[in-house]
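Labels run A, B, C and D following the written order; every chain starts at residue 1.
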Amino acid sequence: MAEFVQFLFSGLTVGAVYALVALGFTLIYNASDVINFAQGEFVMLGGMTTVFLGLAGIPLPLAALLAVIFAMAVGLALHRFAIETARGANAVSLIMITIGASIFLRGAAQVFFDKQFHTLPAFFGSEPIRFVGAAILPQSLVVLAGAVVIVVLLWTFIDRTLLGKAVIATAVNRLAARLVGIDTRRIVGFSFAISAAIGAVAGILITPITLTNYDVGTLLALKGFAAAMLGGMGIAAGAVIGGLVLGLLEAFAAGYLSSQYKDAVAFLVILTVLFVMPQGLLGRAKVERV
Amino acid sequence: MMQKYMKIAAASIFAACLAVGSASAQVKIGAILSVTGPASFLGDPEKKTLEMYVADINAKGGVNGKKLELVVYDDGGKPNEALTFAKRLVDEDKITAMVGGSTTGVTLAIIPIFEEAQIPFISLAGAIQIIQPVRKWVFKTPHTDTMACEKIFADLKRRNLTKVALISGTAAFGKSMRDQCVAVAPKAGITVVHEESYGPGDTDMTPQLTNIKGKAGVQAVINTDFGQGPAIVTRNYQQLGIKLPFYQSHGVASKQYINLAGPAAEGVRLPAAALLVADKLSANDKQKPVVEAYKKTYEQKSGQPVSTFGGHAYDGLMILVEAAKRAGSWDKAKVRDEIEKTKGFVGTGGIVNMSPTDHLGLDLTAFRMLEIKKGDWTLVSDSGS
Amino acid sequence: MLRHTADRIPAVLRRPFVQRLSAIAVIAVIAIVIPAFFPSTYYYRVAALVFVFAIAAIGLNLLMGFAGQVSLGHAGFMGIGAYAVAIGPTHFNIPSWLSFLIGAALSAFVAFIVGRPILRLKGHYLAVATLGFGLLLAIVFVNEARLTGGPDGMLVPRPVLFGWSVRGTETWYWIAAISFVFGAALAANLIDSPTGRALRAIHDSEVAARVLGVDVAKQKLVIFIISAVYASVAGSYLAAFNGHITPDVSGFLRSIELVAMVVLGGIGSIAGSLVGAALLVMLPQVLTFLHDYEQMVLGLVVMGVMIFLRAGIVPSIAAALSRRRA
Amino acid sequence: MTILAIERLSIAFGGVRAVDNVSVSIDEGLVFSIIGPNGAGKTTLFNLISGLYVPQDGRVRMRGEDVTGLPPEQLARRGLSRTFQNLQIFFRMTALENVMVGCHRHETVGIFPSLLHLPAVGRQNARTRAAAAGALDRVDLSAAADKPAGNLSFGDLKRLEIARALATEPKVLLLDEPAAGCNAVETGELAGIVRGIADDGITVVLVEHDMRLVMRISDRIHVLANGRTLAEGTAAQVRADPAVIEAYLGVHGSQEAARAVG
């Protein structure tokens, strides 16, 4: 039981991070059909910027806020100067652009930050909480709570505000959205900014647990992408569920099966799910209209 | 529009050719380092060290009447790229000697090129396969992983602990050291009762450690890996409240590890070179002046805490320079012979005594067993526990 | 809209068979002549690498350009080919040339087994499935250290063919160049054949191809297998040429690099695959003078090419030239 | 003799019964039209017959053989092909190459000869090209043979799809709104082409909105509304059917049409 709970929380914490990255993928994909492989770099920017502003003597809460704003600015710039300029390019070219952007951002982080690993102090100390025999870090709960808050905020925003409705409209049908007077270009830019902010917040929340350096984005993007697809691309709830499932799979595979092959187990399950449900867990089969 | 970009492209290619082709009467020292990529925390301090000391040597007039020119290429940790750069160093840059190869994979890949070109090659990577069997032109400065295992096992024996659990990273260093430790364990009277591993970039190792915790009979835990993994393992170790003696490898021999692991690092032991405890060495320790000087120089100029990895590069460069001085020329064969004759060289990694059958020249005394206390390294005396 | 699409058709696809082969003949002539300008064997190595990666890129291009299916796991097949020529002679005493063939056959077999279920997926789902497949292979190469040497890799015995030991950078240049020309010719042949037409049709409209009697699943599988064999051959060459192999050959980043070669050079253009491979093999060599800024510039180049030459280098330049002529 | 029989075919999308218990029996060599207001389920019916959708209920039989749920490529092999309402052209190929794809099921050269471009491939290509040129000729598109399909006009593309489908040498040809977007001249030409196809013994099943065309060339007409059969008969019978008139003109009918999906 203690083991199970330990694995469960390990999986949920890691899964929450995947979920947030997957959510970033989903937002941008819905608004623009672009799979943004630079999504992981937003996570990196959030953590690294906070660390370095902190080192420069800025109080951490302010540093974190500035880091999120900085990541949003980078997200907007990515949209404005790369995605927008390449409008009309095919999907693979756009993905390639985001891969180029991620190489660029990683390269820039190497130069302007450094190549070392860094950490941030845990928000509420690092004394583990004992729970039915398992030891859980307070920061894990912060990550989980943060993920919940982000999802709720996002849902409220989408569901309750006009801007949110415009985002939905753009996702459903871009042409129709334009026809009813929605500036879809701004909506897409806005999605990039929000995705960047979510990524940056995730980066700040997890750095006390997972550490950060210029290179952390690559793997997170990969896992986040897999999580988004597992849940069903373009479905926000799918991204969250996909992320959590992936995290839990890894934790339980490492705990109960083989830690050597835990990533293999996770991807085997993803492959199996896709073979059975080609649109992911929550994706509904699209009827091809001809 | 199009034309403009083509022009820019052409110009930059031209500039690159110029940069490559600038010949000089200097002696060229090649270095292929993993400055970026997963092994960048090896390559980065190595590069900084080499640059610092080459500038320093040149400021003092160079060696054998010639100034050194350092040609550094970044392989990003990829052996295929390293091979191409090795070819370039030999064919284009026409280097006289080579210091580098941050990782074992890269070093093993590029060895044939330097063997064939007959250029002295001092590797900065860990594995014992680099110098065993002995290759005429290949040397290395870091202690082997096997030695680290033996050092840890010896310490365990002193504490009367014989049953260990291993948790290793699956990336190059961790896996390779894990293999070495498993191989030499029986000889040292140590039984590996349980093994776990984790992937590069993994962020939570509590499942693996939970399994170790639940395994009966484990008396101590050894973590073989470098990078951020060991710091996370250390934190998870504390999180789960595991009380068993915990050993890290020489792969975390940098103050950064303590900073990242925080209070969780208290009581962790690891084998490492004297460099880390420069200020705590006894005054009559032969290595003290060397390591103190290097530590001071490195930390001043780079603004980062010293690591033993940069120290390996220092040792490599200095062994090469000393050998060239003894040879009185930069003739490759003569320099090689002199490297092989290196005796009593005091480096950051230990006292080096090479021979035709030993291209490393370090023994177990080069390693110090350290324990982390109050956020700093302390020496574990060889007699006590 | 329709006109616009037509403009982006790579010119090479519109020309008849003979002209297509003449383009390859030009590449062949360049491959023969260019070594005369190589100052040292270093250039032979870089050029040989270009051809080796171009072989893998052509294979992937057949899949992406003609059938419209993306694979983010193609380096996995390179890994199979690479480890075949390493493991065969080392552990099983199988001669290198036979190991090479076994590797290609094994790649084809693996592609056949995983192809059916994977190729049922569409678009990004296919991407993530192939990505997962490539990762699985890489994990196996890392973990099965007894056979593969683990992350540090293993030595690849020098191939011996009819008593002749294949060695030397120049030899490998010629092997790679000839193989590339051969591989490119095969790929070009395919374009103007029943299979090629079926594949191109699938790329434009799967549903139309189906109602015309094209067995889409089978055609995709066939081209997936062929592209796997191309990658496997490239992997075998790379391993034997380097004499040492690590799991890095089959990693995710290699797969991405292969896709980048195809996309940057031009999807559907065989010459584009060569240009894309040349760009990505040579850029890290050319950019060394930038030191720490190399990665940033590399990223900018990738973005720039895609933004300004969005159909890929070769098709975009070809289109620009034909516009100027017109 | 009945070549295509549809028995109580049904499919629903999210609760809307797009095709509801429809039965049709089509005799060989006829031009058989299916008409109905927008959203009546005509295209859905085509998608069911041609194997793109799998029906939830009911059977499709070709010459008595049960072909329900067979994938389109297998139906093509049994002699059923179709065109599409919203074009499905291979834009990256020439007009002739488009039609050559239609010959695919008759091509016998395998993958290895193709890779090596053995002489057999050249001979096969020549045969295919000749057959495709013939099909293009039947729809009066010979002049456009070597043009990239993307450069063709809308009307030409409609006919290109017919040529492509003809190249499969079908027994039954489903045409989905071939006249949509065509001008009067083009529609006139089309009528001749369709009639000619039927005269060659190929059964044509036509979905079309242009009532003049339908009435002119149809041997039999089946009327759908709201996914259900409304009427069937000759042009004259259908024209006189009050239910049909109401469906097309009546208030009730237009309301239904607005609500239907398909």
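The rule we apply is simple: a contact is a pair of C-beta atoms (placed from the backbone, for glycine too) under 8 Å apart; a residue touches a chain by one contact, two chains touch by 3 or more.
Remember, it's a predicted structure, so these values are computed and weren't measured experimentally.
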Of all the other chains, whose mean CA position lies farthest from chain D? B
Of A-C and B-C, the pair with more C-beta contacts is A-C
Separation of the C-alpha centres, chain A versus chain C, in whole Å, is 31
Centre to centre, by mean C-alpha position, how many angstrom separate chain A and chain B? 35
Mean-CA-position distance for chain D and chain C (Å): 40
Expected list for chain A, residues touching two or more other chains, is 110, 218, 260, 263, 288, 290
For chain C, give me the residues that contact two or more of the other chains. 143, 207, 292, 294-295, 304
Residues in chain D with touches to at least two other chains are numbered 52, 84, 88
Which residues, counting only chain B, touch chain A once they are in their complex? 35-38, 40-41, 44, 170, 196-201, 203-208, 210-211, 214, 227-228, 231-232, 235, 238-241, 256, 259-260, 262-264, 304
Using the touch definition from the top, list the residues of chain A that touch chain B in their complex. 3, 6-7, 9-10, 13-14, 17, 110, 114-119, 126, 128, 135, 137, 206, 209-211, 213, 215-216, 218-219, 251-252, 254-255, 259-260, 262-263
Within their complex, state which residues of chain C touch chain D. 2-3, 5-6, 9, 13-14, 17, 186, 189-190, 192-198, 200-201, 203-205, 207-216, 222, 226, 268
If we count contacts the way the header does, which residues on chain C are in touch with chain A in the complex? 64, 70, 117-118, 120-125, 127-129, 131-133, 135-136, 139-140, 143, 207, 252-253, 256, 259-260, 263-264, 267, 292-304, 306-307, 310-311
Which of the residues in chain B come into contact with chain C in the complex? 1-2, 5, 12-13, 15-16, 19-20, 35-36, 72-74, 76-81, 83-84, 87-88, 90-92, 103-105, 108-109, 112, 127, 129, 170-172, 175-176, 179
